[in-house]
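Before we start, here is the structure in question, set down as structure tokens.
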Amino acid sequence: MNQKKVTKWLGLVMAISLILTACGGGGEQPSEPQTTDGAKVTSSGFTCPEPSPRVDVTSTELNVFVWTEYFPQDMLDCFELVYGIKLNRDEYSSNEEMYAKVSAGGTAYDLVQPTDYIVPLMIRQGLLQEYDHAQLPNLKNIDTGWLDKSFDPGNKYSVPYLAGTDAIVVNTDAVENVPQSWADLWKPEYAGKMVFIDDSRAVIGITLLTLGYDVNTTDPAQLDEAKAKLAELVSNIKVFDSDSPKTALIAGDADLGMVWTGEAYIANQENPAIQYIYPTEGPILWQDNFVMLKDAAHADAAYAWLNYMMQGDVFWLTMRDFQYTNPNKAALEYAKTNQPEVYSSYADSPITNPPAEVIANGHGIEDVGDATPLYDDIWVEVKGSN
Amino acid sequence: MANEFAVELQDVVKKFITPEGNELNAVDHVSMQIKNGEFFSMLGSSGCGKTTSLRMIAGFEWPTEGEVYIEGKAMGRTPPFQRKVNTVFQSYALFQHLTVFQNIAFGLEMEGAQKDEIEKRVKHVLEMVQLTGMERRKPKQLSGGQQQRIAVARALVKVPDVLLLDEPLGALDLKLRKDMQLELKALQQQLGITFVYVTHDQEEAMTMSDRIAVMSKGKVQQLGAPVEIYERPANKFVADFIGDSNFFEGRIKSLSKEEAVVFIPDLNAEVTGIPVSQGLVNGEEITVSIRPEKVLISEKPMNQNTFSGKVTNTVYIGTDTHVYVDLMGKRVKVFEQNRISRLDPGSFYTVGQDVTLVMMPENVLVLKKE
Amino acid sequence: MSHDPAHLTIPWKGVCGMNPHRRHPFIFSSAMLVYVFLYAPIIVLILFSFNASRANVTFEGFVPTFSDKVVMDGSLVKASPCGPFHWFCELAKDKDVAEAAGNTLTIAIVSTLVSSVIGTMAALALQRYEFKLKPFSQLSLYIPIVIPEIVMGIGILTLFSQLFGVINGSLGLTGDSRLSMGLGTVIVSHIAFSVPFVTLVVQARLQGFDKSYEEAAMDLGANEWTTFRRVTLPMILPGVLSGALLAFTLSLDDFVITFFTNGPGSTTLPIYVYGLLRRIITPQVNALSTVWILTVFSVVLILQWLQTREAKQH
Amino acid sequence: MLKRLRENKSAQGTLLATPTMLWMIGLLIIPLLLTLVVSFGQRSPDGDVIYSFSLDNYIRLFGYSTDCDNGQASCFDPLYLQILWRSLTLAFNTTVLVILLAYPLAYFIARAHPLRRNTFLFMVLIPLWTNFVIRVYAWMMLLRTQGVINLGLGWLAGLFNIPFTPLEMLYTPGAVLVGMVYEFLPFMILPIYTSLEKIDNSLYEAAADLGANGLKTFARVTLPLSMPGVVAGTILVFIPVMGTFIVSDILGGRQVILVGNLIQRQFLDARDPTFGSAASLILMIMTLIVTYFYTRKFGFGEEIVVA
């Protein structure tokens, strides 16, 4: 925080207090570009790859709003080092929280990281701007299997980041009968032992699956049925946690439940007895993406970031630091040759690299449009009445 | 000095709004002229308007109507810091966060005086109030009397045209108060500055003042030298407020140029040979007053202005003995000076004793009914 | 809290035998138990900041020292150049913490300064003057005390987003010149909830303030401003300072309002800690808490030492 | 200009109060009015506010439901009333517990030697100066299944050869209660201390002189005189407990839903700011009513600011 910035903000404070209609001066003061000679090395000792291609940038700042614990620090540090841009990172722990803050306006984020089903909503609300693909040469590094999805045909608005599944996690030391299907989780023997992610669409989704319905149904009758069914499940759940559900498992506060890829992987590392089970009904599939907000002030820096991030020699850091399914084929190749340990732990784990049949059996959450309030109400009511 | 009057109040009214929302004339058409070099007191019980009058001179309040003049200049709404008067506060208002020196120097600093000048004058004024060597102390570390002197010193160091004192001795014990009264008077005479002194203590006012304004209900009841006020009170309020008085309801029976005859129904008696004051009408209902020390107790009846009664109580208070005499159902106070030792019980009046009271006509005052 | 130095100078005039409660064993023991309740979590917090276990669920011993690089065995730190202070070193490397600490202090200092100044002004107005809006003003000061913080936070969020939308739209502001959530909005909001506390504290102080001190100053030739600067302010300063301290504390500790009003680059320590809690909870959180607690503790000690010294001088 | 201002006391007062009033109006009253306006609106499927005048949100809060099991068009659903009631109960329980814990300590400090009083007082304040979120986290470490308390109890049980299964404490309503009590305890200690400290020692002497024993002195002298502190403390504890969502989020495992959580969720999860605004206003009105009746009975202690 330099002095100029403080003085500037103070000025703004005064202006608002006096006339309540201040004009101008909401911007951020550029921070000094960090110029280090020779190789740029982060504080953890990681040598930063050079950007290829290097993008011309005039902005000195980039504001991103991303999921918690989803973003390698080295990646961020390197970007700041090679481009001399200050990257401000704020974090959220649910799509809904992110959407609420972004749609309220008044935020100055450039890039956010919504999950697939939120993207159409943001497009519909006019919150996003279309990418100029000419400025995204490194999009070629993404495996085409992850592009051109139904939530954003042609990737006009979104660039894939990481993907994964929601499935059953179970501490086999503490649980006798290991559940094999979502439906098993309703069994009374698990009551009071479960940790679930605090994600309305995913949890309602698996309830719909056990009833034999589509995870994206808009039929009020089916949803009504699901609500009653969900109420039974919720009363058996000990804790909802969308921030760090693994902690409850590792700490022994919960023995089984529903978590996502990355959490399951770490829990499994900490305690090999904690296993990730793909349920017979199929896991929930998801994919997180970078989108650019309509009023992004630092579009050039955003393109620089996206290209730099998608470089194979940079993106592999996500595999090293967080364990999710990786859509970046250049990164996989880079890791295979240069970081075999990281590659093998990724490729050999069914958690991060699920078998094709699991993916085929999976269910993606989609935008349900006008039925959204139905889902929202179910969630609040079922949890509130607990 | 150019002007005869240091302070002049001309038909001054100060209205306040009471918390109940009523309008109250704290000062009600007051006019007074305070001469240069005079020790002037405003005397009255609390709420009589004396402090408000003083505050209007100081500039803490502005008159609702009328005008305050200082040295002949109309003050209007001049703020306090532009008036050449200074105040000694009842609470002293010594700045607790400053030392004695800093307190006294405060006013000089405001004038922009030089440092050595300030030191010289503070030293001088401290000598004047006999507190040399206390410069470094904080007000809290001083006794009440010392604080009072500092408060005076702080005001005097500015060499004001007029020094205003608002019950400055109220917080001191009796002995100290008496000493300070004499000291203040001496100081005033030495410096020749006009003092305007507010007090509710009549003895204090009498002791020090050249002139006194007796105030009640926002009005000046009487203004004059102490002896005038005591010996010739203008009305029943003054007679009652200053010293002790016996009052009787009466009616003027006859009126000549020199003297009046008053009939007092309560005593079923006449008092003759009373000096006449202005504006009395024959047959008018009036109040007759006589100071207790001016009633004589006589063993044997005299021909005129004598009344027979019974002693109901005697109180020995050292300098005097207060004798209460029942006069046809009316209680009369008599103060007898103890010129002789009263150790001998025989020298006392005994309860139930028959006595004769003499009220010499020249001691009897006729006061208009209020 | 009023820290009247007089307390320190007036000798204790208690009459032990007269007060039946003094040193009552029940009072003493329950008071000690409450202290234990207050401090147990904090002691555990500090102890666990030296934990060798990354998962930080149970205490697995101190981190062994003497190694030039960090050695991990699963979730256990086997060796670290910093030894038991491993997590403090990790913390020191984290530049986000430094930035969050800087933001927190900037916000706390600026909002404390502004709210102390305008709060004292308002206290003077409410205690000394009669004006039309006085009852309304006095009443409005109680709003932040009697409404839950979340209501205020959401209200302010709604206001800012609507206001900024209108201003940006009507003035055609784009890019970096747009008004947006950030340090400014956080500071403005912190002032809003601090001001009433400052005002009420100073007002309480002014209640016992004899007006004749000011009159004396004016009488001695000081104008209104000089009177305020030389007499009124020094005398109410303890009140203003405790109001400011309260504002500072509230600002440092605030989570809810900041949560709703912050934006890029205005992460404060509470928000940062909340973020850490949402990630993997390593002893780094404890290390941060320990540093925080010790900082606060030493600042308080220094302040108290200064105060005692000043009291002794008088 | 300056002269006219000098003579106009009312203008001086207004001028001095203006900055604070601008803040109060701009950042408290207008936001509250906005909240009021939004609460009468309706949400669009995407979560936008459609401005209208509809009481639906309030009707829904008070139990009117169109989502009924037996095919009726409308029925009574006490869901939100239950949440309100749960919050009120929790706030009440917290306040009572906090008073019970705070009083002896405040008394102890107030009757301690004046030289030590400040130190004891600072010992109460220091936990307050650590961070709110950090304090909640500390309780997680104590309460979890393998946490410090269970370890301690297990060790004790081992000493006496008693079989021990760790207690399930974290993610229960009890954990939320403990967390709330811990968070707000200092806010009760300070005002009670302030009012106890004001009690003149001679009052105790007078009570003793008039023949009151310890308990009677406490009941007849100490307690009534310290009521302003208790009242102020209650306001400072009760209201924040009603609106806090972090404690119940973290220690309750997002399973203990209070009004604060309900509001936060409406804004951040359910994308229904209109319903959230209505709930906010109901929460505010509830606290105002409780405060009003409480302070009407006991007075609004000035200790609220001395703390």
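Every chain is named by a letter (A, B, C and D) in the order it is written, and numbering of its residues begins at 1.
Note that in this section a contact is a pair of C-beta atoms (placed from the backbone, for glycine too) under 8 Å apart; a residue touches a chain by one contact, two chains touch by 3 or more.
Quantities reported herein were computed from a predicted structural model and do not represent experimental measurements.
S.K.: Which two chains have the most C-beta pairs in contact?
M.R.: After counting contacts between each pair of chains, the winner is C-D.
S.K.: Average the CA atoms of each chain to get its centre, and name the chain whose centre is farthest from that of subunit A.
M.R.: B
S.K.: Centre of all protein Cα atoms: which chain's centre is nearest to it?
M.R.: C
S.K.: Any idea how many Å lie between the Cα centroids of subunit A and subunit B?
M.R.: Centre-to-centre distance between subunit A and subunit B: 88 Å.
S.K.: Distance-wise, how many Å sit between the C-alpha centres of subunit B and subunit C, to the nearest whole number?
M.R.: 57
S.K.: From the C-alpha centre of subunit B to that of subunit D, how far is it in Å?
M.R.: Centres of subunit B and subunit D (C-alpha means) sit 60 Å apart.
S.K.: Using the average of all C-alpha atoms in each chain as its centre, how far is it in Å between subunit C and subunit D?
M.R.: The answer is 18 Å.
S.K.: Two or more other chains touching the same residue: where does that happen in subunit A?
M.R.: Each of 16-17, 20, 251-252 in subunit A touches at least two other chains.
S.K.: Among the residues of subunit D, which are close enough to touch at least two other chains?
M.R.: Residues 6, 19, 23, 26, 144, 146-147, 267 of subunit D each touch two or more of the other chains.
S.K.: Scan subunit C for residues touching two or more other chains and write them down.
M.R.: Within subunit C, residues 57, 158, 162, 188, 191, 224, 277, 281 contact more than one other chain.
S.K.: Quick check on the complex: what are the subunit D residues that touch subunit C?
M.R.: Residues of subunit D touching subunit C: 6, 9-17, 19-21, 23-32, 34-35, 38, 101-102, 104-105, 107-109, 111, 113-115, 117-119, 121-135, 137-139, 141-142, 144, 146-148, 151, 182, 185-186, 190, 194, 201, 204-205, 208, 213-214, 217-218, 222, 235-236, 239-240, 242-246, 250, 260, 263-264, 267, 273, 276-277, 280-281, 283-284, 287-288, 291, 302, 304-307.
S.K.: Which part of subunit A faces subunit D closely enough to touch in the complex?
M.R.: Listed in rising order, the residues of subunit A that touch subunit D are 16-18, 20, 94, 96-97, 99-101, 103, 121, 124-125, 192, 198, 200, 224, 228, 237-241, 248, 251-253, 369-373, 376-377, 379-381, 383-386.
S.K.: Show me the residue ranges of subunit C that touch subunit D in the complex, using the header's touch definition.
M.R.: 1-3, 7-8, 10, 12-15, 18-22, 24, 26-28, 30-31, 34-35, 37-42, 44-45, 48, 56-58, 118-119, 121-122, 124-126, 128-134, 137, 140-141, 143-152, 154-156, 158-159, 162, 188-189, 191-192, 195-197, 199-201, 203-204, 224, 249, 252-256, 269-270, 273-274, 277, 281, 285, 288-289, 292-293, 296-297, 300, 304
S.K.: Would you mind writing out the residues of subunit A in touch with subunit C in their complex?
M.R.: 1, 5-6, 9-10, 12-13, 16-17, 20-28, 43-44, 61, 63, 65, 68-69, 86, 88-91, 93, 104-109, 243-244, 246-247, 250-252, 266, 269-270, 295, 297-298
S.K.: Okay, in this complex, where on subunit C does subunit B touch?
M.R.: For subunit C paired with subunit B, touching residues are 210, 212-213, 215-224, 226, 230-231, 234-235, 314.
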